[in-house]
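Labels run A, B and C following the written order; every chain starts at residue 1.
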Amino acid sequence: MTDVNALLADFAEKEASPPVRGYWSSVANRLRYDYVTLFFLAVILLIVLISVFAPLLAPFDPTKSSMAYRMKPVGFRNFVLGTDELGRDMLSRLLWGGRTSLLMGLVPVALATFIGGILGVLAGFLGGWVNTAIMRTMDIFYAFPSVLLAVAISGTLGGGTKNGMVALTLVFIPSLCRVAESATTQVRGLDFVEAARASGASTLSIVQHHILGNVLGPVFIFASSLISVSILLGSGLSFLGLGVEPPTPDWGLMLSTLRSAIYVQPLVCALPGVAIFITSLSFNLVSDGLRQAMDVKA
Amino acid sequence: MWYYAARRVLMSIPIALGVSVICYALVLLAPGDPIQSLLPPDASPEDIVYLKKLYGFDKPIPIQYLLWLQRALSGDLGISLQTNRPVIVEVFSALSNTFVISVGAVLLAFTLAFILGTLAAYHLGKPTDRAVTAAAVVGVSIPNYWLGIVLVIIFAVKLGVLPATGMGSQGSAHFSIFEWAQLKYAVLPILTMALVPLGIIMRTTRSAVAEVLNNDFVQMLRAKGLGPLAILRHAVRNALPQVLTVMGLQLGYLVGGSILVETIFTWPGTGFLMSKAILTRDVPLLQGSILVLAMTFVTINLVVDLLQTAVDPRIKRA
Amino acid sequence: MNATAPASAAITEQIDERDRGGKRQPMLIADKLKKYFPIRSGVLQRQVGEVKAVDEVSFAVLKGETLGIVGESGCGKSTLARLLMHLIPKDSGDLIFDGDPVGGVRGITLRELRRNMQMVFQDSYSSLNPRLPVQDSIAYGPRVHGMDYKDARKLAADLLDKVGLRAAMFGARYPHELSGGQKQRVNIARALALNPRMLILDEAVSALDKSVEAQVLNLLAHLKREFNLTYLFISHDLNVVQYISDRVLVMYLGQVVEIGPVDDIYNAPRHPYSRALLESRLSMDPAQRVIEPPISGDPPNPINPPSGCRFRTRCAFAEDICASSTPLLGAVSTQNHFVACHMASAGSGHSKAGLAH
C-alpha cells in the first residue's frame, strides 16, 4: 500500500512538473525551430570564419597591385572575381575586407553596450539628479542624426580605424543608455525589488541579483540590432575616406575607390556592396529572431 | 496643450545650447593647433595675431566658447578656408538643395510605405505581409551608398536615361522641380535616399495598423457589418498620427545624414559641402555645417512633436 | 484550522526566546506616522502641493494578534505598509518594535527591524523576480544576512514544504510556471525566510480566486500558530478581514477613523464611514436588498482634504462643527474601541453627540 502510494506520488511528480527550464535555455529552445534565424546565424559564422582565415583562403596578396592587370572582369584568368583599379585581386580583397567590417560592426557596439549600459543602469537605479545629469547629457548627443555625429567626430579627429571606432561608440552610447535606463527604471519599481530591499539587501546586491538579470535582456536585444547599423555606418565612414586607410582592404573603402571605374567594370564595382549587404542583412535578421525568441512574457 | 507646447519649446533651448557646446568642442578635439586649423596654411603672422584676439584664444575655454556663441548667434560662423566666403552663406545655399532631395525622398517613401504597410497589416501573416516585411528588412540592410552606385550603373551607365551626377547646368540657383531637364538630376538621389525611410515607415505602418485592427472597436465595426474598406479607413485614420511622427523624424535623419548620398551623386547640398570640407580640412566650414545641420534636426524634431500634440487628442499633458 | 472561529485566542501561550519587551508590550507601535507626497509641476518642477497619503496615524499591534486594516482604495493603506517597512522614508512619526525605537540611538537598527518584520506583497506579475527560480528568491533574504548558499537552499526547500509546495517539484521553477495561488505561497515563504516575528500582508490574497483565497487564508492561520507570528492584514475585502482579524482599523483619507475588536466594529460600528463601508457589502439574504448605495461618490482629493472631519463631505450627519473642528480618536463604551467622530464624543457640539446608536 505504502509502496503504491510512493510510486504514485513519484509518478505524479514527474507527470505534473514540466521539464524545468531556465530563461536562456527556453530562448535557445525557441531558436532551434526558427530556421530563418538559424540560416542567417550560419551565414554570420561563415563570414566570421572567412575573415579569421582570410590569410589562408585568399589566393593573392590583397595589397599587391599590378598595372598590367587593372580592372579585369569577373573570371579573368586566375582572378575569380576580377581585379580592381590598381590591379589587385578582388576575391582576396573581399575575403580580407570582412575583417575590418566585422570589427567596425562589433567593437563599437560592444564598447557602447558596456559604457551606455553602466550609465543607464546607474541613472535608472539612482534616479534623482544623477538620472537628470546623465540623461540630459545623452539628450544632447541624441540631437544629432547618427550619420552626422559619426562624420563630425571622425571628421575632426581625422580618419583611421581607431578614430572611426571611437566615433561610432560615441554615436551608440546614448541610445543604449536610454534603453538600459528605461528598463532599469521599470524594474526598480517592481514589488520583487521592494521585497529585496525589505529583506535588508544592499543596493549593490539588489542591482546584481535583481536588476541586471532583467535589464540585460532588452539591452542585449537592442545592441544586437545596432550591429548592422554599425557595419553600415563604419563602411560609410570608410567610403567617405574617414575610416580605414588605404591600402588596407575594406568593403566601404573599396566601394569608394572603385567608384571611378563604374563605366569600365560595373559588376566588379558592385561586389563590395553585396558583401556589406549580406553581412548587415544577416545581423539584422538574426537580431529580429533573437528579439522574438527572447520576448517571453514571464 | 498650449502649456505643453510652450514647455516643449523651452526644453529644446538647453538641448540647442548643448549641441553648440559639442560643435565648439569639435575644433578643440581636432589634432593640431586650433588656430592653424582655422586659418589657411599661408596666413601671415599678423593674421594669426588678429585672429587670436578676435577669437579670444588667450582667454579661458568657457570664455572662448561664449565669444564663439555670440558670433554664431549673430550669424558669423567664420570664413571658409577654401572659398573665402562666409560659412553661413555656403551652408544655407546648400541647405535648400539638401531639402529638395530629402523632402522628395520622404514623400516618396511615405506614399509607398503607407500603402504597402497597410496591406501587410491587413493580411497579417499571409504571403503579402511576409513579402512586405522582408522588403523592409532588405531596405534597412542595404548600404544606400552602394544602392546609389548600382542605380547609376543601371540608369546612367547601361540605360543612359538619367544623369549620373551633379545638378545640371542651371545649378542650384534656379532649380525647379517642374522642369524635367532639371528634375531628372534629382531622381536617382531621391530614389537612393528613400530606401531607408521606406523600410522604417513600412514597419511602423504595419505594426500601427495591425494594432488598431486588433482593437475592440474594430471588432465592433466588423460586428456591425462594415466592409473591409470601411474598416481599413478607420484603422488608417487611427494609425496615421504615429506614422506621420516617424516620417517627420525620418526627414530629420535624411537632412542630417545626407552626406553619403550627396557624395555619390555630387549633389551640391550640405552633405556634399561637408564631404568637401573634410577632404580639404576646412575646419570652419565643417564646424558650421555640423552646427546648422544639428540645429535643423533639433528644429524638425520640435516641429514634429508640436504637430503630434496638435493632432493627437489624447495628448493633453499638463 | 477551525473555519468558523477566527484565531481569537491569539495571545500566545508559547514562550518566544526572541521576546524582549514582555507579553504586554505591543509588537509594534506606530506613533503619529506622516507621509506627504510632494506634487511638482511646471518647468522648474516647483512643489505646488502635497498628497496627504498618511496623516498622523497612530496605532499598536499586540503580540500574536491579527490587526486588519480596511478602507477604500487610495486611503493610504499601502503607503502605510511601505512606511512601516521603511521602503519609503517617513516625514515624521516614530516606530517602536517590541519596546525598541527603530533607528534611534538606543533602539534597533533598520536591518534588525527588517529581520523581524517582513512583508507579503499582492500577487502580481511583479512580486517575484522572473529571472530567478523561486527557491533562489526565497533563499535571497537569508543569504543577504550571511547564510551560506547550501543552508539557504535547504531553508528555502523547508519553507516551500511548509507553505504546501513540494520543494522537489516547485523549487527550481520560474514564477511564470506557477499559478497565482502558488506564487502567493512562494511570496509567503520568502517573507518567512528571515524567521520574522511579524508579517505585513498587503492585499496578500486580494488577487486570488475565491477558492484559492480560502486555501491561502487557512495556510496563513496555520503558519501563524506554527511560527508564533503577528499579522498586520491589509485588505479592501471586508469579509476576509472579518474572518482573519482580531482587531480592525478603519482608514479614511490617510487617517484612522475607528479601531477596535473585530466583533465590535462589525456589529456596532460607531463611525458613519465604518457603517457605510460595512453596509456596502452585499447580503446573501434576498430580503436584505441594498437599494440605496450607503455611500456615494469618490473620496475627496487627498491633496486638499476637507477641513475638520475629512468624511463630512459624504456624511449624512455632517454639521457645522464637523467642518470647524477635527474629531480626535476617543474611547467609546466598549474597551479598546476608539472612534474619531464628533457624534461619539459627548460635549463636542454635535447635535447627536453622546446619543446611543
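Brief remarks follow.
Quick note on the criterion: contacts are C-beta pairs under 8 Å (C-beta built on N, C-alpha and C of every residue); 3 or more make two chains touch, one makes a residue touch a chain.
All of these numbers come straight from a predicted model, not from anything done at the bench.
Chain-level centrality, scored on Cα centres against the all-protein Cα centre, points to A.
Of all chains, the one whose Cα centroid sits at the greatest distance from that of chain C is B.
Here the spacing of chain B and chain C, counted between their Cα centres, is 57 Å. One simple way to say how far apart two chains are is to compare their mean CA positions; for chain A and chain B this gives 24 Å. Computed from the mean C-alpha positions, the centre of chain A lies at a distance of 50 Å from the centre of chain C. Of all residues in chain C, those touching chain A in their complex are 82, 85, 87, 110-111, 114-115, 118-119, 121-122, 124-133, 137, 140-141, 144-145, 166, 168-170, 172-177, 187, 190-191, 193-194. Partner chain C is touched in their complex by these residues of chain A: 13, 16-18, 20, 22-23, 190-192, 194-202, 205, 209-210, 213-214, 296-298.
Contacts from chain B toward chain A in the complex involve residues 14-16, 18-19, 21-23, 26-27, 29-31, 137-138, 140-143, 145-147, 149-150, 152-153, 157-158, 252-253, 255-257, 259-260, 263-264, 274-275, 277-279, 283, 286-287, 290, 293-294, 297-298, 301. Those residues of chain A lying in contact with chain B across their complex are 136-137, 139-141, 143-148, 151-153, 155-158, 228, 232, 235-236, 239-242, 252, 255, 259, 262-263, 266, 269-270, 272-274, 276-277, 280-281, 284-285, 288.
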